[in-house]
Every structure is written in C-alpha cells, then in structure tokens.
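Scrolling down, you'll hit the structures one after another.
The two complexes that follow have subunit A in common; it is paired with subunit B in the first and with subunit C in the second.
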Partner chain A sequence: MLIQHLSPLASSLFSLEAIATLLLSFVMLGSRWLKNYLYAFAAESWIIAMLSATAAFFGGYPELYGIAALTFFFRGIVLPLLLWRIIRRLEVDREIHAVLQPSSSIVVGALFVVFALAVAFRVAERLNVELPITVLALTVMLSMTLIGFLILSVRHEAMSQVLGLLVLENGIQIGTQILVPGMPLLLELVILFDLLVVVACFGVLVRYLEIHAGTTSILALKRLVG
Partner chain B sequence: MNLIGGLALALVLAPLVAALSCLLVRHARACEALNLIASVISLGCALVLTVLVGAPASRLWDDYVVIDRAAVWVILCTSIVYFVASVYAIGYMRLLQEERRLYRFYALFAGFALTTLVAPFMNNIGLYWIAIELTTIVSAFLVAFEREAESMEAAWKYIMVVSAGISLALLGTIVFYWNGSFALGPTYQMTWAALAQVAPKMNRSLLIFSFLLVLVGYGTKVGLAPMHTWLPDAHSESPAPVSAMLSGALLNTAMIGIVRFLAITRAADLGQAPELILVAFGVLSLFVGALFIVRQQGIKRLMAYSSIEHMGVVALGFGFGGPLGIAGALYHMLNHSLNKSLMFFGAGNVMRAYGTRDIEEINGVGGYFPVAGALWLAGAIAITGAPPFGLFLSEFTIMRAGLKPSFSWAVYVMALLLIVIFVGFMNHFRRMYYGPRDEPAPSGAVSAWCAVPMWIVLVPLLVLGLWWPNAMWQYLASTAQSLSGGP
Partner chain C sequence: MNTREILLQIGQVLTVLLLAPLLQGIIHQFEERVQRGQGPGIFQPYRDLWKLFHKQIVVPETASWLFWVPPIVAFTCMLTVPILIPVLTDFPLPLSDMGDILGGGLILTLGSFLIILAGLDTSSAYGGIGSSRAVMVSILAEPTLILVFVGITLLAKAMIPFVVNHLLVASWPAYFSPAHLFLVAAFFILLLVETDRMPIHSSTHIEVYMIEEGRILEYSGPLLALLKWASAMKQFILYAIFCNVLVLPWALSLKGTAIGALGAAAGLIVKFTLVGCVVVFVETAQSRLRFYRYQEPLAASFLLAILAIIGTQIF
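For the complex of A and B:
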C-alpha cells in the first residue's frame, strides 16, 4: 500500500495538503458571502488536484496525474465558473437567513472534526495501522463529509446547498486518494458526474427562476408537505 | 459474445437508440412510436433473458457486466413497467398540451429507462454507483417536466436529498474497497464476487460501518424511512407515466444494490446485525407509510406513501432472509411494479378528469368511469395486500419467512401496520367512489391508450395471485440461493 512506505517528505506533504483542505472548508463554514464560498471551494479543489499529483509522484500511480488534471480543470475551474455565473444571474450575494450563524457553525464544525478524529483513531486501532497519515486521511474524509452535511442543513441559499454537496464529495475524494489510490477509474467518473449534477441543478434553478422571479432560498420550498 | 450477451445488449441499446433518435426527429408522434418500439424490444429481450439465464451467472466484457437471475428479475420488472408506461404515456402526455416539448419528454423517458435497465447489470460496485447517480440526473428533469412551481420544488428536493444520500453510498463503497485492500493489495477488481470472496478476511467492525453507509446511501434512493423525504414529492409531482417508472422500476433497481451488499456481509458471517438493521428500516418505512396513508389528502401522494410501505415490505423480506424471505421479496418486487403502475395510471386518469389532486374533491369515480374506475378499484384492493391478488401471496410468504424467534416481533408489527394501511387506503377509495355526487361531472372519457395498460397489468396480477407457476418458484428459489451469501 502506498501509505505504508512513504518518505517523510511525502507524508508531510500529504498531511499539509489534507489539513489545508480541511481549513478551507472551515472558511466556507465561516463566511456569509457566496463568492467567498466559491473562492474557498475553488482553492480547495486546486489543493486536491495537487494532492493527486503528489500521490501520483510518490506512489507511482501515473493515472493519478490524469485525475489531478481532471480535478483541476473541472472542479477547480469549470464548476466554480458555472456557479459564479449562476450567482451573478441570481443577484444574491449572501446568505440572509442562516439557521446557524457562521461563528456557531464553525464551533459545530470543530466538534465534528473531534468526533471524526475519535472515530478514525478507533478504526486505525482495530485495523492495526497506526500511521498518522491514515488517521489524518480518515479524519479529513469523515469530518468533511459531516461539514458538507452541516452546510446542507444550515444554509438556505440554493447555491450554498450545491456547494455543500461538493464539499462532501471533495472530502470523499481526498480520503480516497490517500487510502486507496488504486481505484482511479471510479474517481475520474465521479468528478465528471459532479459536473452533471451541478448542470442538472442549474437547469432546475433557472427554470425555477422563470416561474418565481426573486428568491432562491430553499425556505420558499414549502408547498409539498405531508 | 453469446446469445445472452447479445440479448442484454439489445435490451439496453433499444432505449438508447430511441432516446437519441427522439432528439433528432423532434416530432411528437414519431417520438411516441420510437419510444414504444424501444419498450417492446426491451420487454421482449427481458422475457427471453428470464427464460434463458441459468442459475450460474454469466460475466461479460472483462467482468464489468454480470447477468445473473437477480439482475434479470429486476430488469424484467423494469421493462414491464417501461412498456406499460410507454403505452400510457401516449394517451396521457397528449392531454398536457405540451406538443412542442414532447420530444424532449420521450428522449428523457427512454434515457431514464436506459439508466434503470443498465444499473442491475453492473458487476463493478463503482459503476453501479455511477449508474444509480445517472438515474437521478435523468429523472430529475422528468420530475420537473411540467414546469409548475411544485414540480420544480420536487425536482430540487429530489436532486439534493438523493445526491447527498448517494454520496454516503460512495463513501461506504470506498471504505468497503479499502477494507478489502488489506487482503488483496492496493488494486483489485471491485466486483461483487471478489468482495464476497474476500469478505471473511475483512475487518468486521469496518465492514459493518461500510454496510451501514451503503444501506443509508442506497436506502435514500429506495425510499426507506427516514430517508424517504424526496419520494412523495417527486412521485406526486411528475407526470403519471414517470411516477410509475420511478416507483415500479427505479426503487427496485436501487434495492438490488443493497441486497448484493447484504450478500457480501452474509459471506463474512457477521451474525444477524446487518439483517436486523435492514429489518428495522423496513418496519420504520411501513410505520411512516401507514401514518401518512391514513391522513393523506393528495391522491398521488397516497400512492407514493404506499410505495414507501411496499419498499419497507421488500426490505423486510430481504432482511428476514432464507429462501422463503428472499424469494418472497423478489416476488413482491414484481407484484409491486405491476400494481403500482396500475395505481399511478388510475390516479393520472382521475386527476386529469377532475382537474384536481385532492382526494376530497374527487367523487363518484365508479359512476362516471365504470370500466377504468373498476380497474383502479381492483388495483387498490390488490395494493393493500388483499386476496386474490399476487401481493397477498408475496406478503404472506415474507411473513412466513419472518416467523423465527429473532424476527417474529417484526412480523406482528408488519401485520398490524398492513391492517391499518388496508383500512386507511380503502377509506380513501370509499370516499372517492361513493361520496356525494354534487360536483359538475368530470370532463372527458378515458382513452384506450390510458385504459389498455391498466388491463395489461391487472390480469397478470390476478393470475399470479391464483396460480403459482412451479417454474417461477424454482427460479426465485435459485435466485435466493445466489443472494444468500457466498461467492
């Protein structure tokens, strides 16, 4: 396995990149402005692309260079551009009715990280792999999944929800690349699929706007109950 | 490539060609015909495959495709629903006055059928995940087809809830793969069989963890409570043929993934934990279904909650396990697919005729529509699990499978909830059929395109309830054997 014989340099690079992505998801949690979300998301995707390249270089998986390129191009450039266009078109700059204020959501996010760390420790203990990098990768994967769900549940602007979904998948991707770099095909396809999901959301949103000019807060979605 | 491979290819290519040519032709009548022809070809291939495919699975195209009896059974359900829904769509979609956009509907409809037909054949767990994700994307546009605010809301919820759920399934898939990589090395084929083989060597707690993630992920798509929240909205707001496909075809397609993962955990000998979790989800789904059926006001939402209920029953069957439980659950899938199509077709007819979706505003259905109304009523009796229809047999089989010390509590709860559902469902139908007829009479008669598919599904439902073909039970028993664990 890749992670079992890593040089100290490689393992510190991995750790640095993984921690940077986690920090960027906190930037997303802590901001009200949709544009800041978007920049943080783009930066996060670039770091993930760098991480793929690192894994390709140190682990000897040339396919991962392809994934790095795909991630950089689609998640780092195309998706943010698409979302940016939607944001401009919608003329919403910021989250107005967040259930949880950004400061409180950072605290909740921190609790999630602690929880993920505890789970990761237990898992690593059971598996008898006590490498710090495994624990770190599991922690980042689980905590970014949880943070993605947190964004999905406390943010009401449609765009934030799409971004929450993407954070969730970024977390899964980063964990996958460190833990199982041997499943490249799936990842490439998943990256492309995110694009499709966002395009689908885009389609629905634009049609929605044709009907109700004005709000894109999901708080308005309450016709269907019971 | 042998005959089976060729048939499977034809089965999948037919809707693909139909979808592409609909986009090219852009003529509503031609697209209707293309889609119908594709559905007939798919149904024909599925029927022949059902007869041809033997107990040993055939794996094709570098092991990426598995054609076994479980997959073929789900495909059979899907292609039957695809066929009847295509016939019904011709009559129903003309009523919507959307002539210019109709070609898009048929292209998407065939595309949706394509994705649901492809998914069960996937032998690679990653590709299966992708196929399921594709079904969501294609069908979201179908849900939003009517372009009303409600349809948009339903489509949005559908995309968000299901995508979030399905990413958990992806996480679970990756943890599964990681768990296997300790025994098989960093790169190996992610096939169902390979994972089942390596399962006994996997770490048990991690295996349960990944199974839970996968169950919650695909369970969202199946509509198991409490992840069902997208289902009533999407099913009630989409056009009736799409509702039939969502309920009768899509839910089974996602269920088969859960069942295959369950088979992997059975190979690892984890005790009863995975089954117990599935049974708990099943009971909760029945409970939620029963609560919302009793107090329901929307006619299609009633049918949607009934889908949640029936997926709960199927989950119970697979959870109880054993040849009886699995065979009963597979049989229930077929019966539910047939019956739920009938119910959505009937609901679509009534909604169009009365111009409302509220149960309270629908009166005297039996008087105004003697034939179509009687068919719908027969379907309602069948869907509650009353004899002499197929669902009675399959529910009864599942209950018998559960009568063992560890699960008997679930059987009693299930029996109680089924009675509640029967009373609630019949009460709604009593109101719609025998309520005061003071309203102005509903407009329009039910066209043959809309009535014939109801006959096509009701007749086999009745036959399967009265007569159990021995060959079918042999077939289901051997499928159950292959799904109960071991490579």
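For the complex of A and C:
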C-alpha cells in the first residue's frame, strides 16, 4: 500500500489537503446561500484533484494524473457550471425552510467528526494499519459521508439535495484516493459519469417541481397527486 | 528568585498597564483610517483616561455596595493575569507558577462576571440588557475557550503557556501542524468575541445593540476610567496570549536583560499592530449580521477547536 511508505512531506501534504476538504464541506454545511454551496463544492473538487495528482506523484501511478485531470474537469468545472445554470434559472437564492439552523448544523457536524474519528481508530486497529495518515483519511472519508447525509436530511431545497449527494460522493472519493490509490481507472470513469447522470436527473426533477408544484422545495413531493 | 527576575515581573505588569491604552488607540486609529476618517490619534485613550480621572463620581440612587466593587476587582484581575503569561520573557518569572492557562482564563472571567453583576445592580434597563447579552454570548464563548485550552494542552502536553511557546519556537512541524493552525483560527474568533468585535457589533459603541457599553453605562468619573482601563488591559492580555503563545512566539527576551526586555516591548508593539491590522480588516470586510446570528461565529470557533483536538489525536 502506498500509505505505508510515505515520506513525511507527502504525508503532511496529504493531511493538509484532506483537512482542507473537510473544512470546505463545513463551509457548505454552514452557508445559507446556494451560490456559496456551489463555490465551496467547486473548491473542494479542485483540492481532490490536487490530492489525486499528489498521490500520482508520490506513489508513481501515472494513470492517477488522468484521474486528477478528469476530476478537475468534471467535478470542478462541468458539474458546478451545470448546477450554476440551474440555480440562475430558478430565482431561488437561499435555503428558506431549514430544519436546523446553519450554526446548529455545524455543531452537529463537529460531533459527527468526533464519531468518525472514534470509528476510524477502530477500523485502523482492525486492519493493522495504525498510521496517522490512515486514521486521518478514514476520519475525513466517514465524516464527509456523514456531513453529506446531514445536508440531505436538514436541507429542503432541491439544489441542496444534489449538493449533499455530491459531498457524500466526494468524501468516498477522497478516502479511496488516499487508501487505495491504485483503484482501476475504469471504476473512476464510471463514477464520474454516474455523477453527471445524477446532476442531469436532478435538473429534470427541479424543472418538474417548478412546473407542477410551483416550488423547488422537496417538501412538495410529500403530497400525493393523482 | 533574584532581584532582576522580580523587576522583570514588575516590568511585565507595568507593560500591560501602560501600553494597553496605546493598543486601543492604535486599533481605533486604524479603524477610522480604514473608514476614511481622520481619527483621533493613537494617544486618545490616554487623554480620555486623564479626563475621566479628573471628573467627579456620580452614583445612581438605586446602587448598592456592589456598584463600587467591580471596577476595582476588574482592574486588579487584569493586573494579576500578566504575571502568569509570557509578556516580555519566554521563561517563567517569580510567581508565574500561581496558575496555568486555565487559571488565567478564570481570573479574566472573574473580572467580566463582576461587571455583569454591576450592570444588574443599578436596575437600569440598559444595564440589564447589556448584562443579559453578555451572558448570552459568554455561555457560548466559554466552552469554546475551554476546548481551545484543551487543544493547546494536548498539543504541547502541558498547560503552561511557556511550554507551548518553547514548543512552537523549537519545531516548525509543530508550528505548521493542522492542530496548531486550527487552534490559531479558533482563538482568533474568540479574540474578536472577547474584545467586542463580533460581526453583530456596529462601529459606534453606544447604540441599541451594545453589550460592553450597556453594562457600564451608569458609571462615571474615576470608576469609569478604571473600567475602561481594565477593558483595554483585557484586550492587551488576550493579544499577548494570542501573539506570544500561539501565533508569533518569537521576539521575546531570552535572557532577561534590560535591553532584551525593552526590545521585547518594542516587538510587542509591532506584533500587536500586525494583529490589530488583521482584526480591523476582518471587522471591516465582514458585513454586519443580524443580532440573533451571534451564535454563528461561535459555532465556527467551536468547530475549529474540535478539529484542532482531532488533529492532536492523529499526529
């Protein structure tokens, strides 16, 4: 495994990038404006692309450079642009009916990070890789997944839903980049195109909601329409 | 314990006592200049204190003995804390083992607690509002402060500020570790909160959303001067902890010579001016929030402290 023989410099670079990603997902959790979510998501994707490139450089996996470029292009530019077009067309700037206020959700997110750390210690112990960087990668992966679920459950705007899904997926991506950087290229490609499909579906869903329910809040989907 | 160390310790307290109004003046001057005003000059706080000390004391009829206590206790507290922290020297001076970081925090909080009581004592509406708001903010600020202290303790394996200073000076990896950077960010937000520069405050001080000013509205003359001086000293102490323990642990007197101590005092002014610039920049660039969003910066600070603690667990 790559992570078992990393130089201190590479190790600190990995941890810096992983923690920056985690911090950006907290920015998404704490902001009210949909545009800020989007900027944070784009920045997060760029950092993940940098992380892939770092893994490629230090681990000697040339195909990871390709993944870094794809990640940068699709997650960092194409997806945010598509979402930005949807947001611009919608005239919905911000989350109005949040279940949990941003400050409370940040605190809940912090508790999730603590929980993720506890789980990561157990997992690393069981796998017999108790390196700091492994624990960190597992913590970031688990806590970003949990934060993604949190965004999915406390935000009602359709845009927030799709961004929550994307954060969740970013978390898994960053975990795989650090833990198993040699993951086959084909899988990565499949995941990237899956994401495109997800965003396209949500675009259609949002249009549908807007036309038939007059709102973009997914709460409108609770009602049965014959 | 020799004479020179005792003199240095007295020097530390005097530095805080005498330079605190200067720091206040520098920050106010910067603020005015950023807002394209002329500014009163950096020595205005000294002139204010001089003027207040020559005025008579007017005591409200509703005030009890409690009205007289807080200015004196707050002032004394702020004179006590500099003994515990590195202001001029990077080695412990006599009596600095009286308390650790938590002890210093306790004494700082004692001062603000008595000022809260003073706000309630005169039963004026503004004092009550000021006190209740101050408590509301500090309920959220205190746990975060304690978490930051826990983070510092886990980072340096000690609760003595001098140890933290030595660790950060000695090792660059520790300085640039995520744990330390998060602690700096969390403490910076607390610094803004404790010196009344949250985004919910406006730049003028006496207005509907006042917190600090509301509590001391009934005071006049020398008592008001003591309170203002104490609050300037509290700001100076927090800046000293922020700079000398966390962010810029350099430029302290290593041997304790007179030249070194003077150089450290000059270095303090430079460092505090830098931090003051950043504070004024943040305060100006940050748009003003609704009053009831006061918990958001504190939640962010709490989060950063938690991340710092996690960082110390991993590294």
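What we mean here is this: the second predicted complex is superposed on the first by the 205 of 226 C-alpha atoms of A that agree within 3 Å, B and C clash if a C-alpha of one lies under 4 Å from a C-alpha of the other, contacts with A are read in each partner's own complex, and residues count from 1 in each chain.
What we mean here is this: contacts are C-beta pairs under 8 Å (C-beta built on N, C-alpha and C of every residue); 3 or more make two chains touch, one makes a residue touch a chain.
Remember, it's a predicted structure, so these values are computed and weren't measured experimentally.
Overlaying the two complexes via subunit A leaves subunit B and subunit C side by side, clear of any clash.
Within the superposed three-chain model, A:169 lies in touch with subunit B and out of touch with subunit C [touch as defined at top].
More residues of subunit A are in touch with B than with the other of subunit B and subunit C.
Once the two complexes are laid over each other on the shared chain, residue contacts for A:179 go to subunit B alone; subunit C is not touched. After overlaying the two complexes on the shared chain, residue contacts for A:106 are found with subunit C alone; subunit B is out of touch.
On the chain A superposition, the C-alpha centres give an angle at subunit A of 150° between subunit B and subunit C, rounded to a multiple of 10. After superposing the two complexes on their shared chain, the closest approach between C-alpha atoms of subunit B and subunit C is 21 Å.
Residue overlap on subunit A between the subunit B contacts of one complex and the subunit C contacts of the other is empty. Taken in their complex, subunit A has these residues touching subunit B: 1-2, 123, 126-127, 141, 145, 148-149, 152, 158, 161, 165, 168-169, 172, 175-176, 179-183, 185-186, 189-190, 193, 196-197, 200-201, 203-205, 207-208, 210-212, 218, 221, 223-224, 226.
Contacts from subunit B toward subunit A in the complex involve residues 126-127, 129-130, 133-134, 137, 140-141, 144, 147-150, 152-157, 159-160, 163-164, 167-168, 170-171, 173-174, 177-178, 181-182, 185-188, 190, 203, 205-206, 209, 232-233, 236-237, 292, 295-298, 301. Here subunit A touches subunit C in the complex through residues 8, 12, 15-16, 19, 22-23, 26, 30, 102-104, 106-107, 109-110, 113-114, 117, 132, 135-136, 139, going by the rule given at the top. Of all residues in subunit C, only 173, 176, 178, 293, 295-296, 298-300, 302-303, 306-307, 310-311, 313-315 touch subunit A in the complex they form.
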